[in-house]
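The same chain A turns up in both complexes below, where it pairs with chain B and then with chain C.
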Partner chain A sequence: MSDTKARRWFAPQNRSETIAGLLFILPALVGFLVFVAGPMVATVVLSLTKYDLLSPPKFIGLANFQRLWGDQRLWKIFGNTGLFALFAVLGNVGLGIVLAVLLNRRMPAPLKYVYRAAYFFPSLVGLVFVAVIWQFLFQKDIGIINFYLGQLGVGPVGWLSNPNVALVSVIILDVWKNVGFAMLIAMAGLQNISSDYYDAAKVDGASAFSMFWRITIPLLSPTILFLLTMNTIGAFKVFESIVVLTNGGPGDATRSLVMYIYEQGFKSLNMGYASAISLLLLAVIVVITALQFFLSRRWAFYE
Partner chain B sequence: MSDVVLQAAGRAASRSRWKILLRRSANWLIYGVLGLGALLMVAPFLWMFTTSLRPMREAFSLPPRWLPGLDATVESYQRLLSSTVPMGKFFLNSLTISATVTLGYVATTTIAGYAFARLRFPFKNAIFAILLLSMMVPLQTTVVPLFLLMRWLGLVDTQWAITLPGLTGAFAPGMSGVFGIFLMRQFFLTLPTDLFEASRIDGAGQFRTFWSVALPLAKAQIAALSVIIFTVTWNDYFMPLIFLNSIDKMTLPVGIMSLREPVGNSSAMSEVIAAVALSVLPVLVAFLVAQRWIVDSFIRAGVKG
Partner chain C sequence: MTLDRRQFLAGGTALAGTVGLAGIFGLSPSFAAAPPTDTAAALTTYNWGTPDEAKAYAAAFERFKATYPKVTVADNIVPISSWADYADKLVMQIAGGNAPDIINIAIEGLRLSVTKNLLLPLDDLINADPEAKTLVDKMPKQLRDALTVNGKLYEIPNGSQTMVIHYNTKIFQEGGVEPPKAGWTWDDFIAAAKKLTTGDGASKVYGFGLPWFNFAAHPWWLTNGAYPVTEDYAHSNLNHPKMIEAAKFIHSLVHEHGVSPDPIGLNVYDQFAAGKFAMTAAGRWPVTGWVASGFTDFDVALWPTKTTSMSVLGGAGWGISPQSKNPDLAFQAIKELISPKTVKELVAIGQQVPIYEEVAQDPVFLSAPKSAPVIFEALRTARSVAAPAYFSALDRITQRAMDTMIANADPAGVEAAFLSAHQELEAEIANQ
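Take a look at the complex of A and B:
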């Protein structure tokens, strides 16, 4: 800051505002520097070291990233996380929009109220709590899902023990839990679409189906993009539902990136390697956010 | 001539009658499908409450029961509360941590949001841009150094490790601090400038203007933010898992995880179900009492945040 600028900020008529502004942001700024920015920089530094808490950190250059590249487990786990994210996001956002459109119709008020409450309630409850409930429901022998499937003549499914099915179970739980939130946000987005569009389309004899694709979806696109981004970032951080349901197993069939960070950092005490994996996760999130930013300029339709 | 017109009108009327009938039955079909889905959403909770009230011996026997019968009993709750597991302590820890984080987070982010919306000070836009960028950085990517920092400060296995970042508005568990700053800034930007001008002309200081002009108008927004921060902190598992070790320091989610045993032991399973039921119950009651308000809070934050 140049001298004259500084003088202007602290000139008598501006001084109180400048000081107040700086004071008002001070607590949050200090908190940010100490607990967010500092650790962020430290993650980068730590990723270049070997550190096990016992002996002092040792600088090893890019060795952690080389190890990352050759780590078979990591790529399996990365694949799990990506697959989970893909289907969880499609399920949450897709079903959420469908539910929002259906609930947005004219219907008896009490019915609407009860339905909205029922769909939204699971989003409020802690993931660990609901995952414990679902773990019982998913049990092979005593679980009620298999009980009802058995009545339909479908043999017992190893929801949590079959490596090909376990990830599906995690996705089912995620969609059940989070679809209501997507629905709520989509409903709020629908409220902002003027009914004039639909009235005009009706005059032109448009069908409900074509109105959905040609009016609702384009006008809802900012909301959809927001939901896609939020859900994708959230999905890449998946952790506690898997810890409860399968603890990553069978084998590594359902292990997620955050579980691997936790395992490497806090169980094996490879603080340096855990930091390198953290940066990989961060890179994914940065790419998704950047993508959203550019897509929102090209694709999203703003009135 | 008139005959033809009448006939056509009659045909049109019957056609529209058909249309109405068709639309009505389509409506009922949609209500039915939505109702079935809604039932699926509540079924796990219903099963949990019913199972927690069944006699422990046969709580998990099939076919499942959906409503408590005449043999309903609270023995799983009694077993749980008389066991060595400090459920009361978990509950209290969850409550104090969530309340502390909410209070600190909402206070610091509200006043910072106000400054970014209403005051001029050096580097304002640059600082705000950096904060916004940091919103991308999830706690999970900085948790290793954060743990080392807390260890260095001697705060591991104390509530401070979780509450301190919240108190300074850096982040609440699972929610970046910038979220609150941004939400409040957007709100304060919607207030008319005249309000603040008038207060300034009256000779009120900056803090006074914030306190007695801006704050009262922001009540609903602050309430919405508080609901969300309290909920995410109450539900969080990651921070307590990393930072708390002793059983009497734990919150409900980590406490419940510590009490789990391999599936198969029926009485242990009943206790777990009872513990989960006790954790979900306050959320359910709060939701039933203040549904509209809670839902509005999430919409406010979700749409603007």
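Take a look at the complex of A and C:
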């Protein structure tokens, strides 16, 4: 900001407006400083300490970061989180777009509302209630899914107790719960696409798939980028979907990074180490988000 | 009929045949250490319980306020998912500079609290108050011992739990199996469970619904002469051959004998009430819910024995924070919380096993199940749940080992899971 500009802002005739403007942004600014910037600075500082919450923090340099590399549980959990993020994002965004396109077709309005409500409804239901139902559905020996699979001659699947399958169950729950929201966003994006493009394509004899691939997807790409970015960040921060369904088990098969941070910080009282893992998670999210934006230059199309 | 504290004390002393005690200890309302009744103060609690239990506590605090009208009590009922979580939240609250005066915490959180200096030893306060001392002396010794660290009592018991076998009397009768008798063994248990595992598909009934949490696993360790930590609480004992043997037995219930379904994600108590299991294991806590839902075809038996006849003892107590500005006043409030009237009200709600034998003989406690005294009886041979200062780590590491072992049908995986858990726990202890 130049001195001239600053002088202009605080010139007597503008001062009251400037003060009013500052007062308007003050709540947001205070909220940002107290709940975002402050904790972030504290996390960086705490990551250099050994701190159990009840005794004063002790400076230990980079020891917490050195510990990261030797922590085998952390890397297993890191892998879980990465896999969850990959498949949950693909499921939510991919299926969300497919559902949005299907519902964007001509059909009786009441039917459209029923479908839309049906797909969006899981997003409105409390996760804890949902998890109780899904636990019952997924139960290996008396669960409903395995009962019907048994009728088809498929042996019981350890949806929650098989370490190789449990993460799949978590992803199924997450997609079932959140796909409706992605669908709504995608539908909003679809409604911004002019029907002229489709009319012109029809005149040229384009197939439905061709119109989807060459018109819908390119013109929806800003919405897809938004969905990918938000879902990826959300997936790396996953906590409650897993806690309520498997609590991270069996073993560490479904534990996520945020669950591990919580465990280290608030159960083992290793607040310093938890802070170091938090910074690692922050770095991963920043890199992936930056990568998404960088790569989006090649495929995101803005009219 | 309701008992107030003094009636209870009089009745209790008469039962004990020590009427003279009343005179010796002066059971008149003389509060030697009690602050003046016009003291003005504000007390806060760190408490847990159901809404009904919260009402019973509120009533107790009202009675306390009848004596101390200028004292306010903020009873903070904290949501609880596990004892480890509950203790962790207390640590967070105190770390945040918001220490409560009165703390209701289970055995599981005791040693952590003592290590972190979150609880005041109560012996001096109790010894200075004959009425309180008489009440505390009436409580089962096992419970008092469980809340004692290095010879000092840090909490006054307020309720207890143990684990017994609950069995469906109808399924036993229809299956032609004799109800469990005192002294029955693991082999007897397996034989009954096998015989009562019947049907297929939707009509399948399992012999035993396996509750899947740390406290519920304890009786298997204990009846095999094992304990998850060493006697001095300093080290993990998860690698002990007796622990692994008991874990293999649990594993065999699902994978070898097929008498229990996979326990992960299973609500055993609902399924037991639905007649899907011939047996399950619990303390008293599900009984009221079962009866209220119309399920009454059940009774209880002591845990089957392998090498030792034993069960696990859980429980909670009232403690006082060293940071409390009014410990004497907090102690007076606690006296009302452990009064026979309050205890009886809590027992009537149905969660707790009473801390006084007299209350355990009350019709309210005896109303269900038929052999309800067995639940109180189990306390006498029970050993405290393993609750070292690193309980939070022990709890989650053991649970992960159990999850890992049950997910693997190969019994060899049991030993691997527990040896790995032992190493992890030792590392965690060293890191603390």
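Convention: the second predicted complex is superposed on the first by the 291 of 303 C-alpha atoms of A that agree within 3 Å, B and C clash if a C-alpha of one lies under 4 Å from a C-alpha of the other, contacts with A are read in each partner's own complex, and residues count from 1 in each chain.
Just so it is clear, a contact is a pair of C-beta atoms (placed from the backbone, for glycine too) under 8 Å apart; a residue touches a chain by one contact, two chains touch by 3 or more.
Here the structure is a predicted model, which means the values were calculated and not measured.
Aligning the shared chain A places chain B and chain C in steric conflict.
Using the contact criterion defined above for the overlaid structures, shared-chain residue A:Val154 touches neither chain B nor chain C, since it reaches no partner.
By the touch criterion stated above, A:Pro163 is placed in contact with chain C alone, chain B being left untouched. Residue contacts after overlaying the shared chain place A:Leu111 against chain B, while chain C stays out of touching range.
By the touch criterion stated above, A:Ala11 is placed in contact with neither chain B nor chain C. Of the two partner chains, chain B is the only one that A:Val128 touches; chain C does not reach it.
In the superposed model, A:Leu62 makes contact with neither chain B nor chain C. When both complexes are overlaid on chain A, the residue A:Glu263 reaches chain C alone and has no touch with chain B.
When chain B and chain C are set side by side, the one touching more residues of chain A is B.
Of the two partner chains placed around the shared chain by superposition, neither chain B nor chain C is touched by A:Val287. In the superposed model, A:Pro250 makes contact with chain C only, not with chain B. In this superposition on chain A, the options for chain B are 22-30, 130-138 or 256-264, and chain C clashes with just 256-264. Counting contacts by the rule stated earlier, residues 135-136, 139, 142, 147, 266 of chain A appear in both its interface with chain B and its interface with chain C. Considering their complex, residues 1, 5-6, 9, 14, 16-22, 24-25, 27-32, 34-40, 42-43, 46, 99, 102-103, 105, 107, 111, 113-130, 132-137, 139, 142, 144, 147, 176, 180-181, 184-185, 188-189, 223, 233, 237, 239-240, 243-244, 258, 261-262, 265-266, 271, 274-275, 278-279, 281-282, 285-286, 289 of chain A touch chain B. Of all residues in chain C, those touching chain A in their complex are 84, 88, 91-92, 94-95, 116, 201-202, 204, 206, 261-262, 264-267, 271, 276, 392-393, 396, 399-400, 403-404, 406-407, 417, 428, 431-432. Here chain A touches chain C in the complex through residues 53-54, 135-136, 138-143, 147, 150, 156, 158-163, 245-246, 248-253, 263, 266-270, going by the rule given at the top.
Residues 27, 30-31, 33-35, 37-42, 44-45, 47-48, 51, 60, 62-64, 108-109, 111-112, 114-116, 119-122, 124, 127, 131, 134, 136-138, 140-149, 164-165, 167-171, 176-177, 181, 205-207, 210, 231, 234-238, 241-242, 252-253, 256-257, 260, 263, 269, 272-273, 276, 279-280, 283-284, 287, 291, 294-295, 298-299, 302-303 of chain B are the ones touching chain A in the complex.
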